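Paired with chain B in one complex and with chain C in the other, chain A is shared by the two complexes that follow.
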Partner chain A sequence: MLAYLVRRLLYALPILIGVNLITFALFFVVNTPDDMARMQLGVKRVTPEAISRWKAERGYDKPLFINDEAIGSAVFTDTIFFSKSARMFAGDFGRAEDGRDIAREIVSRMGPSLAIALPTFIVGLLVTVSFALLLTFFRASYLDFWGVVLCVAMMSISGLFYIIGGQYLVSKIWRLVPISGYGGGLDAWKFLLLPVLIGVLSGIGSSTRWYRTIFLEEISRDYVRTARAKGLSELTVLFRHVLRNALIPILTGVVVVIPLLFMGSLLTESFFGIPGLGSYTIDAINAQDFAVVRAMVFIGSVMYIVGLILTDLSYTFVDPRIRFN
Partner chain B sequence: MLSLLLLLAACGSEQNDPYPRAERGQNILYSAFTERPKHLDPVQSYTEDEITFTAQVYEPPLQYHYLKRPYTLIPLTSDAVPTPRFYDAKGRQLPADAPTAAIAYSVYEIRIRPGIRYQPHPAFAIEAGGQPVYRDGEQLRDIEKLADFARTGSRELIADDYIYEIKRLAHPRLHSPIFSMMAERIVGLRQLGAALQDEARRMPAGGWLDLDRFPLAGVTRVDRYTYRIKLRGKYPQFVYWLAMPFFAPVPREVDRFYHQPGMAAKNLTLDWYPVGTGPFMLTQNNPNSRMVLERNPNFHGEAYPCHGEPEDRADGLLADCGQPLPFLDKAVFSREKESIPYWNKFLQGYYDASGISSDSFDQAVRLGVGGDMQLSEEMRGKGIRLLTSVRASIFYLGFNMLDPIVGGLAEQPTRLRQALSIAIDQEEFISIFMNGRGIAASSPLPPGIFGYLEGAAGSNPVVYDWVDGQARRKPLAAAKKLLAEAGWPNGRHASTGEPLVLSLDTTSGGMGDKSRLDWLTRQFAKLDIQLVVRSTDFNRFQEKVRKGAVQLYYLGWNADYPDPENFLFLLAGPEGKVAKGGENASNYANPEFDRLFEQMKNMESEGPRGVERLAIIRQALALLQHDAPWIYGFHPTSYTLSHVWLRNRKPTEVGHNTLKYQRIDVAERQRLRQEWNRPVLWPLAVVAALLVAVLLPAAIGYRRRERSTAR
Partner chain C sequence: MAPVILWSDVLIWLLVVAAIALGWLSARNPLLRAAWQRVGRNRAGMASATVLLAFVGVGLLDSIHFRSLLESSAGPAAARPAAQAYSVDVLSLLDVALTPLRTRNEKTYSEPLATRAHAKESTEVRAADGRIRQSRDYPRLKYGGAHLGADEAGHDADVGDRLLRASGIAALVWGALAAAMAGGLARAEACSRREAWRRIWRNESDFAGNAVLVAMAVLLLLGLSMAMLATPYHVFGTDKVGQDVLYQVLKSVRTALVIGLVTTLVMLPLSIFLGVVAGYFRGWIDDLIQYLYTTLSSIPGVLLIAAAVLMMQVVIDTHPHWFTTAAERADLRLLALCFILGVTSWTGLCRLLRGETLKLRELEYIQAAQAFGVSDLRIIARHILPNLMHIVIIALVMDFSSLVLAEAVLSYVGIGVDPTMISFGTMINNARLELAREPMVWWSLAAAFVFMFTLVLAANLLADAVRDAFDPRLAGSA
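Now for the complex of A and B:
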């Protein structure tokens, strides 16, 4: 397994370089270093000298990919791409354009992001799996029919509608929790209730339908019939046999997102005023802060790769027949 | 989750209170900000998002009178508003009314009032021997935020602190937006910039540049409390700059404190934690969530003004005459990126004041019978007050005067621009797209700025007729006549018959902007002119404007200070964007206007020279109205709603250190918040009942199925 892990990690390197290259190219297709300087220095009374100084100070006065004036390896290393990318592989994300340390900022914002994402993920998983099993139990009945109709309706509604509707009803009309905001420590929970509730509700439709399909496929298998023939109750059949055997497709979709929970949610954090990594990314995009955008894309890629590796590993736990070669 | 909600609701009223319970009943103002401030260093911060905070902390020598209009400068830390002394090239003093051409230098002597002290700050903590406690970065190991420093200190404000800040304008790593402009004025500032740049190149990144080692010829210390600033020529607008944070004091030890090794890595910088003598100090800076200003215990004290505009007394703005400032203990600013939560929290009483977004406009304001704006019944029922003021801004549709079709001062393109000025109905635009929140502009000058004229005298005769005491837009026939005179009868070239196609470069392009652009296209179509809209991103747009690669464009300008020079320079020839990289995006260059502008900008608005200045401004405006390098769009009106418990709030467009004047009736706020925020519990019961209604049949069905026999 160790060899497998090492191989997967080595595969990740070219992927990360590629992602970094694409991010870099896309960013600089839209923004030139001059644009970045103007965005940081403001639009009033900005002189060309100030822009030149800003670029030189931050190393944006170099060529993007190839430095024709340099000699030897400096042709590639004395460029914006190399100087801005190489350090990231050593875990040094540098500073945002406003001078703030990016790693420190990421660490401080991870908590609020996780505070929403983790309960939403766990509660959401429990609710959708249970609901899907319920529908599977009542398959081909009115309950199943209306349950599926409800799921289709719920998955057809935009996430934004859930947020605005939830804020309107629960916070504005019923006045049960704050509309937006975030508090540290024990104060945090009253701010998290509504976004978590909305996150769970908005995910019920699609997830339940997906899990129901998986369970329905499993429930017609021979081992299920055997379990019933043994006299097991339907609940035991569903939770101990069907669920366990349906775990591989579930894990494929679930484990991969676990590391990405750190990245936060762009929309939810923005509407609920949660100072997490999602809103950090959005702010950086709006401010044309390449250093932060690059760091967040890089971390997102790393997390995704980690998620895929964890997914592979999780298969061995739920199905002992699976071995890595 | 349902039970959690029930538990929360059972705790009593105000469960939707977004603030800690410990803050209830405290003398705190609650506000919000949408954009996170980028810089809080006074030498860099320039935007309104930033100055909202810096203006409460930093104290430049001057400030604007809170209540008087037109805006009036008064001393803040200085003992008087300085009047310049003038000198000729040989250093001989000239009389105050000396001709501008004879004036080689102006000298402003500013005397600071003794006894003003800085807020408590670790940079001022000193050992018994006078050495700073925190000086070598060694004690920083356990420090994560400013509050972690165990010891703080303070000291008296002195003239050197102001001098140090003026030197910081030239600091190569700070990129002050006004450096280039001030380097033209302050003697020696450009040379200082060059010297500092040389030194900065030799230093390691992040090293401390001790500015005291570098002289600045134009700024001298007279005594502990007095300093002089020497400017080239005459520059009457300089006093307005002395009311901005760019000229606020920064003590040398504070600069050195923040440059200790390891400070920047912990985000402990002056750009993040300002240090000043103002009424408030920034104690919490998390621009992603919450920024907190707390009363500075060392504030030197100031009294609430006793004079203002005639209506101020009726509005209750003079009730606190002579009371010591500030009234608030704390001001909490929360980040609200979206307008809907912001608005709803204001309605629940959790923000003390709010603007009105277009989403909530109909809920907040109704158009009265006479066309005036009135608060809706709902707002009046809550005791909310509406405060309006015309902003010191202008939004305009500019012509590129270098363009072969719409540009130039010749008769034909001028007629074309005039025709378009008439055809584009700004009043309709304001009514449709701005809910009436603005006034159509007749010139670059907004109301409240010296030179702005009301009534017929201020109306643009090219665009309006003055009928029955009102400006009435000229009929379309007049525009068509002008268009024909321009050589484009019915929108076609008089000789070739080619249709007139004009292009507009804009950063618009979203769903909301489409209707505006469609409207604008229809305005052009009224003259049978085809408008091609070229939407682009802001960077490309700026680049096109810089290169003069536009024909028409939309832009706006917010005043730095309340002087006509700050608007008219946008059309001065030497400010041409293409030729000089200045702020004149239209590249308008009329020698006669430039002459009038040069004459006007060096004059005072008060006294007999004021009358003369006004006459010159009128000539300059008449020229601009005739040449029409812009279609003068509108001056926006800001609408602010404030709750009944918020006192002493008066809209102001240039002075930003207004927090100290505002007062909260805490008991009234608490009472109304409780009344407005009683939780509604029945929906929880309904949801619980629904859940039971779903789960009970499921449980019965399960039970029945489990007990049923095989069939």
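Now for the complex of A and C:
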């Protein structure tokens, strides 16, 4: 078990290095720092001095990979690659355009992101799995047919419309909760209610359909027929046998996203004005703050890889065949 | 007139050619032909295919561009400069067809089919006694309902009259189409027309003709009504700067189609080539390709797209001399977006194809081919690729709708198409605060919603039909 975990972690290392190289290539090789400086400074203020000052302030004035002028190990460390990319492994993301430390900003913004993403995830999972089980129980009936039609219709609506429509109905017409904003402490619930509701609603269509397919595939297996032949009720078959066996394909899709919950949702957070990581990313994109986007790409991949490892671990809990191998 | 060939136009027409080639291939391959026939029997699938064809028609009309000659340079030959001056506006055939919608801009918001503006305005009215009086009222629109003149009370009657005429024409056209279909079926199945008509509606033929006819009826009715009303009125109202919303919605269709289709054009060669090579040759090639796609897919999609688009913006902004017109710049940005979406989304299909190739290469007939000394290239082309076609086709149709949805989100986030390019995303982005206005402005959002929903729903339903028909696990049960 431990050896397995260590092996998985070692597999993750080359992938992270690859991600690091890709982001480095994207941000520094496709465009030179000069181009970025020109873009940031605007057309009017571009002078060679302004560009070199901009680069010097951000430490972009070093060579990319190898610094011929330095001595000793500084040949490699006094370069853009080392100071901007390699240091990310140590959790050092540098500073944003406004001078704040990115790592500290990320830690402080994680809370609001999680406050939205975690309830959305849990409630969403419960709702969709129960809905899918309901459709499976009434399979090949009118309820099932119209349920699937509803799902297809719901997944054909853009997420933007869920948010715009939800804000309009709940906050403007019914005036139940504030339209956007965020407050700390216990008062936060009224700001969280609507985003969570909309998040759950917009995810129902595609996930329910997917879970229903999994359940239907499972329900045609031989062991289900045996269970029915033993005289078990359909409900017992569904919950004791089908649901448990369907957990493996469900876990594959679900556990991967758990670490990514930290990253928040770009759309929801920007529409509801929640100071989380999603809105941080959007603001960085709009302000063309390359350092922040670079940091978010890196953290996002770290989270995804953690998710993959967690998925493998969760298999060992639900599938004895894997545990005993 | 000088034709302007935008890169996305080239790719769109290339796709049309590819679709025809795929049709020709499918007709020759009995398995694919049977699968397409199963799609043809699916009623929901065929109805949505009809709707999609209408969208594609609009998109194709919008994909032939040209620049018109400036009037000054079209004057007498003596005054004409040596080089003819062309307008900087790049127009498409659709723009020409929709000239009244494109050019007749109001001042600002107006409701659908309105004759007066949406907000009150102070105007100076000369009273009967000659004095000028300030009056605050809803001003008449410049174009909306202008043909009514002073007779604004006749508005409802005029709209009703036009709708009635539209339904009349729709009924005539539909009747002709239905008769043609019955005639075609009668010839194909060697029966009388009456019998063919009965088979279509009883669902006894090999083609879901009834669904197609119903979809056509709805399309004709709605389309012709809109066409009849679009010239004198603004069917979906006007937006903040007074532009007709119907025009914007129709222009958005092409953007959505380009994103949905051209992206797959980028994605397919990558995923097919790498997937087959990895699965067939195994060994270090497989390890390398697996490493490549695991690394790429471990970067969350939106973030990778955001990073790539940011970098693309820098390239475009620092090289303004590459583009002669704004349309070309917007077009290149659209293509770059397709390219980025394609590069970030090939990994899923590649993984599927690799797995399937691994399975296929162990089968007896491929082992036999190898034993006979058939070259690897030939085995891949003759035995492996045809057996992967169903996965490719399913992936193609499944991706379309999610890409159209993604465009809207990306444009909202600011990493989508060029802000000057009309698309569903930019429409929603411009209109998202309008619901909060007093009085509320709902028509831009509603129009974008209806068109986008129809497009994506049709794509989803067709994708389901195609998947059911092509997936060997499902084909038996359907």
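Following the convention adopted for this analysis, the second predicted complex is superposed on the first by the 284 of 325 C-alpha atoms of A that agree within 3 Å, B and C clash if a C-alpha of one lies under 4 Å from a C-alpha of the other, contacts with A are read in each partner's own complex, and residues count from 1 in each chain.
The rule is simple: a residue touches a chain if its C-beta (ideal position, glycine included) is under 8 Å from a C-beta of that chain, and two chains touch if they have at least 3 such contacts.
It should be emphasised that the depicted structure is a prediction, and the values quoted were computed from it without experimental measurement.
Legend: residue contacts after superposition of the two complexes on their common chain; A:V293 is shown touching chain C, with no touch to chain B. Within the superposed three-chain model, A:P48 lies in touch with chain B and out of touch with chain C [touch as defined at top].
Of the two partner chains, chain C is the only one that A:S301 touches; chain B does not reach it.
Once chain A of one complex is fitted onto chain A of the other, the partner contacts of A:L134 are limited to chain B, with no touch recorded for chain C. Once chain A of one complex is fitted onto chain A of the other, the partner contacts of A:D283 are limited to chain B, with no touch recorded for chain C. In the superposed model, A:I248 lies in contact with neither chain B nor chain C. Of the two partner chains, chain B and chain C are each touched by A:K172. When the two complexes are overlaid on their common chain A, residue A:V30 makes contact with chain B and with chain C alike. With both structures placed on the common chain, the touch criterion links A:L64 to neither chain B nor chain C. Overlaid on A, the two complexes show chain B and chain C touching the same residues of chain A, namely 30-31, 35, 38-39, 164, 167-168, 172, 270, 288.
Across the interface of their complex, chain A is touched by residues 291-292, 294-296, 298-300, 302-304, 306-308, 310-311, 313-315, 317-318, 401, 405, 408-409, 412-415, 424, 428, 432, 435-436, 445, 449, 452-453, 456-457, 460-461, 464 of chain C. Of all the residues in chain A, the ones that touch chain C in their complex are 14-15, 18-19, 22-23, 26-27, 30-31, 35-36, 38-39, 152-153, 155-161, 164, 167-168, 172, 260, 263, 266-267, 270, 281-282, 285-286, 288, 290, 293-294, 296-297, 300-301, 303-305, 308.
The part of chain A that touches chain B in the complex is made up of residues 30-32, 34-35, 38-50, 53-54, 57, 98-101, 104-105, 109, 123, 134, 137-138, 141, 143, 164, 167-183, 187, 189-191, 193, 196-197, 200, 233-235, 270-273, 275, 279-280, 283, 287-288. The part of chain B that touches chain A in the complex is made up of residues 1, 4-5, 8-9, 15-18, 20, 36, 38-39, 46-47, 172-173, 175, 177-181, 197, 264-267, 269, 271-272, 286, 288-289, 334-338, 340-341, 344-345, 347-348, 350, 537, 539, 542-543, 560, 581, 583, 677-681, 683-684, 697-698, 701-702, 705-706.
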